[in-house]
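First subunit A sits with subunit B, and in the next complex the same chain sits with subunit C.
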Partner chain A sequence: MAPTAQPTILSPSELSYLYTSLSLNPPIRPDARSPTSFRPLVAETDLLPTANGSARLCFADGTEAIVGVKGEVERTGGVGKQIGIREDDVEMGGIEGEEGTGGAGGEDWWVEVTVDMPGQRDDDAMVVFLAQMIHEGLVADGGLRARLVINRRWHWRLYIDILLLSPPHTYPLPLLSLTAHLALLSTCLPAPVAGLEKDDDPIFNDDWDAAIPLYPSTPPSSKAKANLSAARPPITLLVISVGDNIFFDPSHAELAVADAVVAVTVASSPSSTDDLNLLAVRTIDPPSRLSSSAAEMGQAVEEGAWKPKKGGMSRTVLRKMVGMCVARGGVGEEVLGGLEGFT
Partner chain B sequence: MDRRRVNGPPGGTTPPCYASTSSGKTHPSSKRTRGANEIRKIFLKTGLTPSASGSAYFELETPPTNHSNSLTNRTPALKLTCTVHGPRPLPRSAPFSPQLLLSTRVKFAPFAARQRRGYIPDSSERDLAAHLETALRGVLIGERWPKSGVDVVITVLEGEEDCPWHALAAGNQNGRTGGWGMMSILSGCITVASAALTDAGIDCVDVVIGGVAAIVRQPAAPAQLVLDPCPSDHEEIIAACVIGYLQSRDEVTETWAKGNITASSDGMGTTPMGFDALVDQAVEAAVAARRVLVEAIREGTEAKIQGSQIDFHAIGAALNIKENAARMRFYRLRKAIEEGEPGATPTKAATTPTKRKKDQANSDEGSAKKVKDEEVVDEAEGGEEGEGN
Partner chain C sequence: MPLDTSTYHLSLLRLDGRRWNELRRLHAQISTQASADGSSYLEMGNTKIICTVSGPAEIRGGGRREGVERDNAVVNVEVGVAGFSGMDRKRRRGDKRTTEMQNTIASAFTSTLFTHLYPHSTISINLHILSQDGSLLAVCLNAATLALIDAGVPMKDYIVACTSGLTPPASTLGGSRGGNSETSDPLLDLNGMEEQELPFLTGAGGTVGGDVGGGGGWV
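The block that comes next holds the complex of A and B.
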């Protein structure tokens, strides 16, 4: 999988300069940011009139994405999509399950994430990888799935369609994840007026103003404790390490010299004193291994020329990266707080 | 509406599915019989596909069950076969590549699980392939093969399922989420691909081994950290982590963790179960699997050496030494390599005659080289070997 569409155009000595300045203590980033600061971004929500929720996000480097969230009501049993036998069929046989699949907490496939990138095929490894990663984070804690249950026989099916508008200059994961986060925050589902009992057909209020937000801004007091943990959709942060230093929101040039790239998915935690909830961690192939200088410098390491590191990353660095994301008062919390301002 | 024929019911029908005659509660659900820090036994063998340049077969032990007469109670097994094709030249139309292009493919056989899989890879299979590529790219010394590519193809002959069949039939999934079985499969894929790459003689900085650990919870017990979880053994899996581990460098090329990781440390008190512990346990699992991998590679190489007949008489004649002396040098060299000490690279005196021997009997040199490949991961050493390939 090639994380970046085009290989880096930097020369070996430029890469070496970049690597050295990033591995200094304190590090110097090309745009003079601190290691944990993000580039400015522009966002708007609720821009698509025909979607249940939508958002547009624009990063400072010109990459831009639109996300539309659509919901559909679907029968929970019926023709099994993945498993042939479901609750309905069991009841036919006379065995009453005290709690059906619908009542339990939903299924992963009720949330469907698709990613579309210009110039990439649908089955391209990067597109699949991105969609899976975002989906994994959304369903990891079960909070979103549980919200989609209407009653025992009906549930919402959520389609999250992510459209990258600009060519993929940098690895677009944080952009897509943050846009999906904003779109989900702005998503409203029609309010049911009847049929919430065991297995009636639900009837919905057709007044859009009465629609219920998928992620209510203030959790209902009755079940505050249970719902607070998933009160916000998760976000995925891209973290790189260069030498001993760790950087957030890497630019294209910084990605080109990264020793290791890790995607960390975090969500807000129930209590305000704990760390954030860690939902998923994935390593990503650093693009430096694909650059042409990786081969040219292979024979002898010259002074002033940089050669990507072989092997993997040490566990200490991995721990430090994850720790910085989830720590109370750390980067993850700051980003979640910043995104709150958009809605 | 066709009025001339008997029409089916409007609106379509669903095929009848019959509930199982026995309720889920009568089945004793499968339980983990091994300890928390014990992994399942692994069968690994290299070189089973003669047409590929490297291949390996991987199987996880299936513990015998006392109610094996019922189809619904079969314990899930994991069987993987991996073939490596290449390094081979890229087609003329391909753009210049300064290093070895790795392409990975993971495919479930249509009969791998109870639910039939199609022939076109679905997104979970492509996702596995992307993970595998990340794990392998870090260890390949790619710049030794410019303008060439290597394909790693893994077929899952039998794949683990997420939960036992009778639990599905009874509908008590307890909100279980899918995908935990994938993590064991990925770990197996990493290990088997590593064995096949070594069998193909492709230079790597180390062998990369897969390991899985998970935080599981039984209904009336506190959460527990286990190595190598089998999804059907556990009532609830809270979080799991796969890693691709390089033991000699103590590095990780691939990490894939998911689940509610930090939250599970709540209320534990005595044993912390955060992300750090999960990674450490996954490393433990990988270290345990490495012994199997190294043994399999050694066996595969020995089989190759036995298979090749060495004409010591001709070598002796070429080197102007006696036949017995040539034989002795060969075995001394082989023993030095097999001792497995990193410093046991052949001394200069021993290397020189072997180099010359290569002209006469290139077959045996080829096999001896394989031993070196896995034992000695020094880059400089591998450089001269790469030319011979």
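The block that comes next holds the complex of A and C.
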């Protein structure tokens, strides 16, 4: 998909210098970070009184996002036609096993993600893509929608409203994804006191202090743990490659010379010894493809002037990228652990 | 559920325990966001708003402007009501009340900012309503003033605003509980519940220059 990045203001020789220092071994980043280290970020949770869960996150480049999560109780059979359509889709996809557990497993559309950006229309391609990518990650492992089931006739509907407060300086997907992750971690739903049997109307506890977190810090029982495959909402990380080197949390200047930009979505795995679960990998057009020099490809390369690389990315690099994200003790786990410290 | 404002005449205390002239808790922050030219965060009770200002800047591809628009900066206001801001989740975009609020705020600031210093440019004010509990327009105006101060846009005056409502006269309520008050009392800084029940007006003014404009709404 297309990036939002504004055209770079760096000159060809500056880009060349940047590219060379990033492709050295060991690489030198402009701000002297190590390839896997993140810039400092500011976060707070539970800031909105009218939302079930909320979070605010500021990245070091000044971009800021706020996410509010709201839950509503909805009748499972209430929108019959819509469900009918979705079930057809499942059948066509050939996933027969889903059909039987439909009641227990929940539906993807119970989670709704909207993204709001200043100065962008609601139906702007960029906004729709971002919302869809975050939604995709959230429902990919089925853990979240399974938590939304109350009983056979009632379920929670989760609205995740993402507000980008600043103009998108760099590609905003990781910011939005991490903020949504934090908001979901802080989300609490009212505790049911009655009506958990098959068809009863549920009655909820009025006491907000008794509300149950959507993602409990320790699973209530080992059985519940087995049912819900992921104990943490997924996160999406932006990874770039320059030559054979891989960098996390790229700055605007680093994105400008990236050979490949990849968004990797990972979620924690049920057992503590395994690697993280890989949910999605998406390649994003690096901004260099849009720059003026890309149009001149095929001309003779001048010494000291940088030209964007032609062609796709190598499979070894992609494998290394994914490995760094999902490995035990890798970057994905470090980010998940760091975010947990904010709540 | 209708709100019973008649109890006001018995104790002279409002539903949230305030007297007629008491404001809610006010909390303001400035320079909350590094990437904006100016930004502010304002809480008045449970109404919470983030405001960011960008500009004065030349808008590319904005087309040619003629006359007054060419010689002055244009103030652009965008009010975004977050889906999670109210009790029930709903999306309000392009709704008439929001559009009216945008126009009111834009015209109020066009008259106070020295727009003639920035020809061919645009000052855009983005207001994000995170949580709403009454006095929306007043809080928006106050937050925008703070953000414009942070952005360093020259202005002849600070715009401040407050909502005031009117209790129904006790005599119209029937019965004898109203006692002797025949006239209705003004209330300052209405919250969301009072706003649903009472007629109210948002007044905006400057600190030195007197009245510079204002907008109001009757329910």
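As a convention for this text, the second predicted complex is superposed on the first by the 310 of 343 C-alpha atoms of A that agree within 3 Å, B and C clash if a C-alpha of one lies under 4 Å from a C-alpha of the other, contacts with A are read in each partner's own complex, and residues count from 1 in each chain.
Going forward, a residue touches a chain if its C-beta (ideal position, glycine included) is under 8 Å from a C-beta of that chain, and two chains touch if they have at least 3 such contacts.
Computed from a predicted structure; not experimentally measured.
*Asks:* Can A:Ile66 be said to touch subunit B (first), subunit C (second), both, or neither?
*Replies:* The second partner, subunit C, only.
*Asks:* Which partner does A:Phe129 contact after superposing on A: first (subunit B), second (subunit C), both, neither?
*Replies:* first
*Asks:* Determine, under the contact definition given at the top, whether A:Asp116 touches first (subunit B), second (subunit C), both, or neither.
*Replies:* A:Asp116: touches subunit C, not subunit B.
*Asks:* Looking at the overlay, what does A:Gly243 touch: subunit B (first), subunit C (second), both, or neither?
*Replies:* Touch partners of A:Gly243: none, neither subunit B nor subunit C.
*Asks:* Please indicate which partner A:Leu48 is in contact with in the superposed arrangement: first for subunit B, second for subunit C, both, or neither.
*Replies:* A:Leu48 sits against subunit C, while subunit B stays out of touch.
*Asks:* Between subunit B and subunit C, point out the one touching more subunit A residues.
*Replies:* Counting residues of subunit A touched by each partner, the higher count goes to B.
*Asks:* Now for A:Asp108: first (subunit B), second (subunit C), both, or neither, which partner does it touch?
*Replies:* A:Asp108 sits against subunit B, while subunit C stays out of touch.
*Asks:* Sort out for me which residues of subunit B touch subunit A in the complex.
*Replies:* Residues 14, 16-19, 23, 98-99, 115, 121, 123-124, 126-127, 129-131, 133-134, 137-139, 141-144, 146, 168-175, 177-179, 205-206, 208, 241, 244, 246, 249-263, 275-276, 279-280, 283, 379.
*Asks:* Quick one: in the complex, what on subunit A touches subunit C?
*Replies:* So the residues of subunit A in touch with subunit C come to 47-51, 54, 58, 61-64, 66, 68-70, 72, 114, 116, 118-119, 122, 159, 161, 163, 165-167, 169.
*Asks:* Looking at the complex, which residues from subunit C come into contact with subunit A?
*Replies:* 33-36, 46, 48, 50, 52, 54, 78, 80, 82-89, 91, 93, 124, 126, 128, 130-131
*Asks:* Per the contact definition, I'd like the list of subunit A residues that touch subunit B in the complex.
*Replies:* The contact residues of subunit A facing subunit B are 1, 78-80, 82-87, 89-90, 92-95, 97, 99-101, 104-108, 123, 125-126, 128-129, 131-132, 136, 139-142, 145-146, 229, 262, 269, 274-285, 289, 292, 294-296, 298, 310-315, 318-319, 322, 326.
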